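Residue numbering begins at 1 within each chain, and the chains themselves are lettered A, B, C, D, E and F in the order written.
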Amino acid sequence: MGADFDIVTLGEAMVRLSPPLFQRLEQTTSLDVRVGGAELNMAVAAARLGLRTAWLSKLPRNPLGRLVADSAREHGVDVSHIVWTDEGRMGLYFVEFGAQPRASSVLYDRAGSAISGMKPDDFDWSAIFSRSRVFHVSGITPALSASCAEATLTAAAAAKRSGCQVSVDVNYRAKLWSEQDANRVITALMQNTDILITTEEDTKRVFGIEGADYREVAEKLRARFSLRAVAVTLRETMSVWRNRWSAFAIADGQVHEAPTYEVEVVDRLGAGDSFSAGFLWGYLQGDPAKGVLYGTAFSALKHSIPGDFRWGTLEELEAFVKGGGGLRIQR
Amino acid sequence: MGADFDIVTLGEAMVRLSPPLFQRLEQTTSLDVRVGGAELNMAVAAARLGLRTAWLSKLPRNPLGRLVADSAREHGVDVSHIVWTDEGRMGLYFVEFGAQPRASSVLYDRAGSAISGMKPDDFDWSAIFSRSRVFHVSGITPALSASCAEATLTAAAAAKRSGCQVSVDVNYRAKLWSEQDANRVITALMQNTDILITTEEDTKRVFGIEGADYREVAEKLRARFSLRAVAVTLRETMSVWRNRWSAFAIADGQVHEAPTYEVEVVDRLGAGDSFSAGFLWGYLQGDPAKGVLYGTAFSALKHSIPGDFRWGTLEELEAFVKGGGGLRIQR
Amino acid sequence: MGADFDIVTLGEAMVRLSPPLFQRLEQTTSLDVRVGGAELNMAVAAARLGLRTAWLSKLPRNPLGRLVADSAREHGVDVSHIVWTDEGRMGLYFVEFGAQPRASSVLYDRAGSAISGMKPDDFDWSAIFSRSRVFHVSGITPALSASCAEATLTAAAAAKRSGCQVSVDVNYRAKLWSEQDANRVITALMQNTDILITTEEDTKRVFGIEGADYREVAEKLRARFSLRAVAVTLRETMSVWRNRWSAFAIADGQVHEAPTYEVEVVDRLGAGDSFSAGFLWGYLQGDPAKGVLYGTAFSALKHSIPGDFRWGTLEELEAFVKGGGGLRIQR
Amino acid sequence: MGADFDIVTLGEAMVRLSPPLFQRLEQTTSLDVRVGGAELNMAVAAARLGLRTAWLSKLPRNPLGRLVADSAREHGVDVSHIVWTDEGRMGLYFVEFGAQPRASSVLYDRAGSAISGMKPDDFDWSAIFSRSRVFHVSGITPALSASCAEATLTAAAAAKRSGCQVSVDVNYRAKLWSEQDANRVITALMQNTDILITTEEDTKRVFGIEGADYREVAEKLRARFSLRAVAVTLRETMSVWRNRWSAFAIADGQVHEAPTYEVEVVDRLGAGDSFSAGFLWGYLQGDPAKGVLYGTAFSALKHSIPGDFRWGTLEELEAFVKGGGGLRIQR
Amino acid sequence: MGADFDIVTLGEAMVRLSPPLFQRLEQTTSLDVRVGGAELNMAVAAARLGLRTAWLSKLPRNPLGRLVADSAREHGVDVSHIVWTDEGRMGLYFVEFGAQPRASSVLYDRAGSAISGMKPDDFDWSAIFSRSRVFHVSGITPALSASCAEATLTAAAAAKRSGCQVSVDVNYRAKLWSEQDANRVITALMQNTDILITTEEDTKRVFGIEGADYREVAEKLRARFSLRAVAVTLRETMSVWRNRWSAFAIADGQVHEAPTYEVEVVDRLGAGDSFSAGFLWGYLQGDPAKGVLYGTAFSALKHSIPGDFRWGTLEELEAFVKGGGGLRIQR
Amino acid sequence: MGADFDIVTLGEAMVRLSPPLFQRLEQTTSLDVRVGGAELNMAVAAARLGLRTAWLSKLPRNPLGRLVADSAREHGVDVSHIVWTDEGRMGLYFVEFGAQPRASSVLYDRAGSAISGMKPDDFDWSAIFSRSRVFHVSGITPALSASCAEATLTAAAAAKRSGCQVSVDVNYRAKLWSEQDANRVITALMQNTDILITTEEDTKRVFGIEGADYREVAEKLRARFSLRAVAVTLRETMSVWRNRWSAFAIADGQVHEAPTYEVEVVDRLGAGDSFSAGFLWGYLQGDPAKGVLYGTAFSALKHSIPGDFRWGTLEELEAFVKGGGGLRIQR
């Protein structure tokens, strides 16, 4: 029997407010309004590739909560399982875009958010996961509160029981929890995890794993947690406006590498989430090499798009990967 | 020896975010950024009339906190007594501007604000008030938290002891506390209060006082709390874009009345605070009649100005009260 | 067995481009982008009231087509039945907002749109309507082209056969067809119509029906076409920025009247479609009187909201109808 | 042999800078850029009605000067006679848009403008006027400087000699000169004037003429200066956003009256200049009654258009005068 | 006897709509409005250098048509020969600005435009060209429709007969016609062509001409069509935001080369048209070497200017070519 | 007894108007409003580092004058010594932001400014300087008018007499005066100067001093004018959007060098003034090496901030100098 959802994600999304045109937050008189959050970004990006996705979250019953749900729905992400509540607020974050040598920066204002009150029994996990192929969550969700950690572990276990694969993007956030806490919870989460997506730095901070090169690191991760696949993204920050971006994965006993893209950075938030979407899209076709290749290209293009979300289509992506067009104006 | 400050105010200010051009909050893609809060609005308006003012508050040590302090300073309000903290966030509020029959509306997001953690000993009250002529606070400040209520009562008592008059604007906010709590705390505050500013409706809700007309209500207030002056603002909402606005005061055993102004409403937030500033400006000259007249005119003009703050000068106000110009273009 | 959709609509939506701040189209340097179209407006408004709605249309496979579908989806309108095509373009319309004595005006640029090539067999009507309670269409859809007229009549007949009620909003557009053509096609459409929504003026132009008053007109309509319900909206244009708005309906042998609202006009496009949504919402509860009352209130509020769509919630509407709040700021 | 220009105007235009959305100049962070100036406004409005117009002025050789000339050219006004100079700056003015009871206001920054250095021999008057039907100037031009006054009188005399009628719009500006100076210069100008356009108030201030009603005032003017036509505009300022507007003229021994229009005021600057254009358009057809009627309608519509210029077409104007459309959306 | 126009161009211009700030078209809520079209861009650029230019086209009688004509007039381009029609619409195009690796892209919406109905007898060719020195057209004009191709060939022949030189910019657009059709029509056009402007790629696609290097290609072109001059522009796309730009020409039996400029790309649309203008400006002075040098510099600077049009002056260009200023702020 | 002000500056500030998004001034329809002026920029930057600063100037009594004073006050700069006048206007300047090969450019409109009428006795110099540690002025102030030159020399002498050190930033502006005049006045100013800040180019133009390298130039300057410190900023303009920036100083018989920063240029105006602030901040701690290091870092970061002012905090600066964060997003 077929599943209803290819990917179900669980996590916080926030209203994202950013001063236009490289202004400092302290000096601005207007803020651009967008929506972002690792798992929602990922669900949107996956939906853009044609996957059926759902996003689980807890939102306050007010216009800001509706704004977030609307924006998920705009991209075709299922929002019917969202829990609406009168407890807690909508989390916000403020983004300042920088220029060398001033890095871009984020000011989070997420304390007291509705989702931080999420509890393990807020969702009917087995009903949801029995209809789904992959459950994806980042390391941010369990970092939001103790009950969020508990809910995340409960969800992963439930997914496993329902025959739904579990995908985790480490995404360590030092503002949310200590490395020790992250280690403890994410290690527990690994027990039910099939696919791990991370960076070299997060691997060191959360798991204390280092190696001769990042391939060794990835292999150590795969082995320690008996994972089906480990994917690692690689960023080189030449300047704030110019980065290099690549990724590779270990799966099926093989290393799959993507080319390195030079990117002019309009907005790099959500790039990692776009990679996750592209990688899982290939992985779900049984082709992790394709996942790495398309995921990297998909997220390289993300850097040129304002906002956390990955506006664009599968057709565009395929034309890009096949090398059509180049950098000249496409008419 | 003369005072350093004519008016010292104590309270919360927030970053105010509003969708432009009558949009709903749920639909907007940008937000106008301004700053507002009853006591800061009042301090700004008073500074605009030439009074030396200070604003006491507690702000988070981040760009949003600085943005608020900058904006106070921009108008010449002293911010040197603000307490900066790493505890708590910057409060926000979202304003939707309406059109008949949709009222404008405000969504507060002030839980967990830095100032809600204010304590009675955060300020050196006697040092401040011994240099000041009036301490002004609204009923919002004690409503923010139990410790804020305690701090407000402490401040008023300290002001009284220092020979500094106390002015209170009732400003009842049902979202912050019950009528019972407001009654208990504001009644206690009245013990040290010299000047009360309110509306007929708030008087009824907070003090349970009604009367044959609003003059009787004001006189009952004056008598019950042995006040030197009671001022009452009067609004008639003909439509969202068109209001009538007036005020009167009881002081020195007399009733002082202002004319009624028809106003085209660009932004009515902060209008009451502008009245308070204009009224105290006159009162401090020993002329409450002038206070009512100029306070009403000053706040009538406020309705035409975007934002909570009362941009404008004393010269303009005087020209307006003297009837110059009318409604034709002033060249 | 229950239906999947409460209301299914069929018609064109366009990208709507309007100069900000009362500018003429000829003078503007930017255009606000929104989406509008009678049946989509109606589907969005109905979804806002909690009804399950779908919108059927034909869209070009390009970013403008996706923009339109995204915006429908953003409000929870089902877009899974949209036909995507490489033939034809996305229709556009340009709105100039006026001020007395200059009326607002619309410049349509819809020739060659993808939907004008719609054919009767583009949709599997019986599969769709067997799962639906009401099929709603306006008189604009059959006016778009001969094949659109044919498709509309085919759809209405199919709906009837499937036991799905048919609702028609006359919406006569002189730019699209002559009164004679409209009379011929809409009269044919009436054979399968249960619910008719119109204005006095359209009734006269399309059906040639006049009467002593609009109630008589409505009754004549009901009788001629054996309708279950006839609803009529009433607008008085006091000035461009200030209108009066009301409606009534004949159903169940009774006349149901709504109060008259004075409205300050931010954007009146889509107001009629919001009425249709509110009316059907009540009608589908078996309470046409409630439909008239809520539909009128719902669409009165629409005038205050930028864009064709009816941003807002059922909770707000209910609070408004019950008289809460008035015109003062809602805090 | 026919003329090349129907109307030639002479005067200053300035770059107009205005804070958007009713902001005070002191508080704004952006300024809308437009161009305005009585005679250029008039030339643009006349060109919009199909008249061949030229604008004479003196502009600084910099981007601001070019911006002004471009904007004249954009509307088809001939700019080939403009004198470009390295002496003097581009004049500016700042407009604040108000709301009752705050009037709109203008801050001029025109000292040291290039045109204030205009001299009588800057233009080849006889070459220009021998090809023109009407020379139009306002009372602002001679007020700019002594040499400007001299140039204006020289121009009017030259026009008269060339058989070109002279039209003067009094437009008294107290900031530029005293009533005495205005009286002296404009009285001298009247010697060569055929057509006078004014208001009741300006007539009193500049000429000291009063009367039982404005018709008597106009007749006194006509008689004192042996004018062919006197036109008077009439404004009633009900509120800043709502005015009444009308006009009448005395010509051919008759009084011609226009209807009174209620206008919702988006931007009333340039309304008088639009009237002048419409009036002369009729007058040049030998039909001053038509001039009054169309001029009033043309300028009534002007109030709805942002900027000093009269964007719009003759076709629109004719449709409006004939009563088509009304205030409903024109589709 | 001297000519009235230095250059007359014939072609389509469109309203250009672009999302600000690198947004995708699908995600934007506003569009910047500008005007562009190869021949109009060229006429504007030439007018900016002091040449007398006219633009021939066919425009719909509506605000969008007027907007286009206004913008031509704003730059001093003669629009008196434009044919206004009630048939057909105003063409539009949508531009997305990209960032590496996402190229900028253009979505044309020009089907059914007024000009696509252009016929050979819409203009009085001999009257126009007998007063002109050069007739310039791009390969886009004949690609618009069969009657446009016919009109273009008719125009070129008429120009030739009138002693007016013919200049053609190949500008192959694959979306408008096949390489075969382009080859057939443009080859026919070459019979009356004196000056050809192209790129290496277009030469290969349209004429099938290749060579050892681009000089050989240019020489083959010159020889095959007996041209007086062939100019070729050269672009190297280092990244979307950074290009290299140069050009050379063969004329008078010599090769003339320009330096290569590195450009930071704000907006590269219209750069080629600016080159054509600069090249013809030199060529018309009898100095093709100057044409190449100034044309390249003029168009290198174009990349820094938003919109298709070449805002700027001859003075600036001369200062730039002479090396003044460099890249430091010019104060 | 301690001083009240660490740094007092004297000079002109102007309202700065700039077209957004790389537009030419001639083409823009809106202007961003900011404030700038060498000495005010410096005072703001110094205040941002925690120094107590005052700005002396002469401003017109109008909204533009207040806007400037407000913006100084917003950053905590003391404005109580500003002289308000009804003579003269507010100076303006227009900034065009460029892209390679088009340099950014500034159009000054400062003739007739209020401050150009500044006289030596407009300020009570000894009262001010007796409370201050450093008096800082740039070479622009004496260039504004003869009386401004006189006032500047008077001020420097008074500062010296009051025991307040004098700091001068050469800042030669060719538009304001000749090299001869600058030489004469600034040489006179050197008699009372302790600290000189300049560039290699200005040193050559104003003092005619050249050398084998810039260190030799600096040493010659120090020796000729017996200075305590000479600081020199160094810019390499790789492209308009990418510069290299560094500085060094001679003080205490030593050369102190800063690292070279590559900067992505958002807005380089005010960078030099930020260096001056940072340098004096270190110098006033008795640590000129720290001054060079922090001043260079502080001003390198300035290039990323829109406007002339140095929004940011000492905490940020210290984190940056210590190398924290790098160019990745700071969360």
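In the analysis below, contacts are C-beta pairs under 8 Å (C-beta built on N, C-alpha and C of every residue); 3 or more make two chains touch, one makes a residue touch a chain.
Please read these numbers as outputs of a predicted model, since none were measured by experiment.
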* Asked: What are the chains that subunit B and subunit F both touch?
  -> A, D
* So subunit D and subunit F: same face meeting same face, with over half the numbers shared, or different? -> same
* Selected from D-F, E-F or B-F, interface repeating A-F by over half of its contact pairs -> E-F
* To do: Between subunit A and subunit B, tell me the centre distance in angstrom, where each centre is the average of that chain's C-alpha atoms.
  => 45
* Let me have the rounded angstrom distance from the C-alpha centre of subunit B over to the C-alpha centre of subunit E, please. => 62
* Asked: Using the touch rule from the top of the page, what residues of subunit A touch 2 or more other chains?
  -> 21, 24, 26-27, 29, 66, 70
* Asked: What is the complete set of touching chain pairs?
  -> A-B, A-C, A-E, A-F, B-C, B-D, B-F, C-D, C-E, D-E, D-F, E-F
* To do: Would you tell me which residues of subunit A are touching subunit C in their complex?
  => 66, 70-71, 73-76, 313
* To do: Within their complex, state which residues of subunit A touch subunit B.
  => 17, 24-34, 62-64, 66-67, 70, 89-90, 92, 94, 96, 107, 109, 111-112
* Asked: Tell me, which parts of subunit D touch subunit C in their complex?
  -> 20-21, 261-266, 300-301, 303-307, 309, 311-312, 320, 325-331
* Structure fact -> The subunit D residues in contact with subunit B across the complex are 21-24, 26-27, 98-106, 108, 173-175, 235, 237, 239-241, 268-269
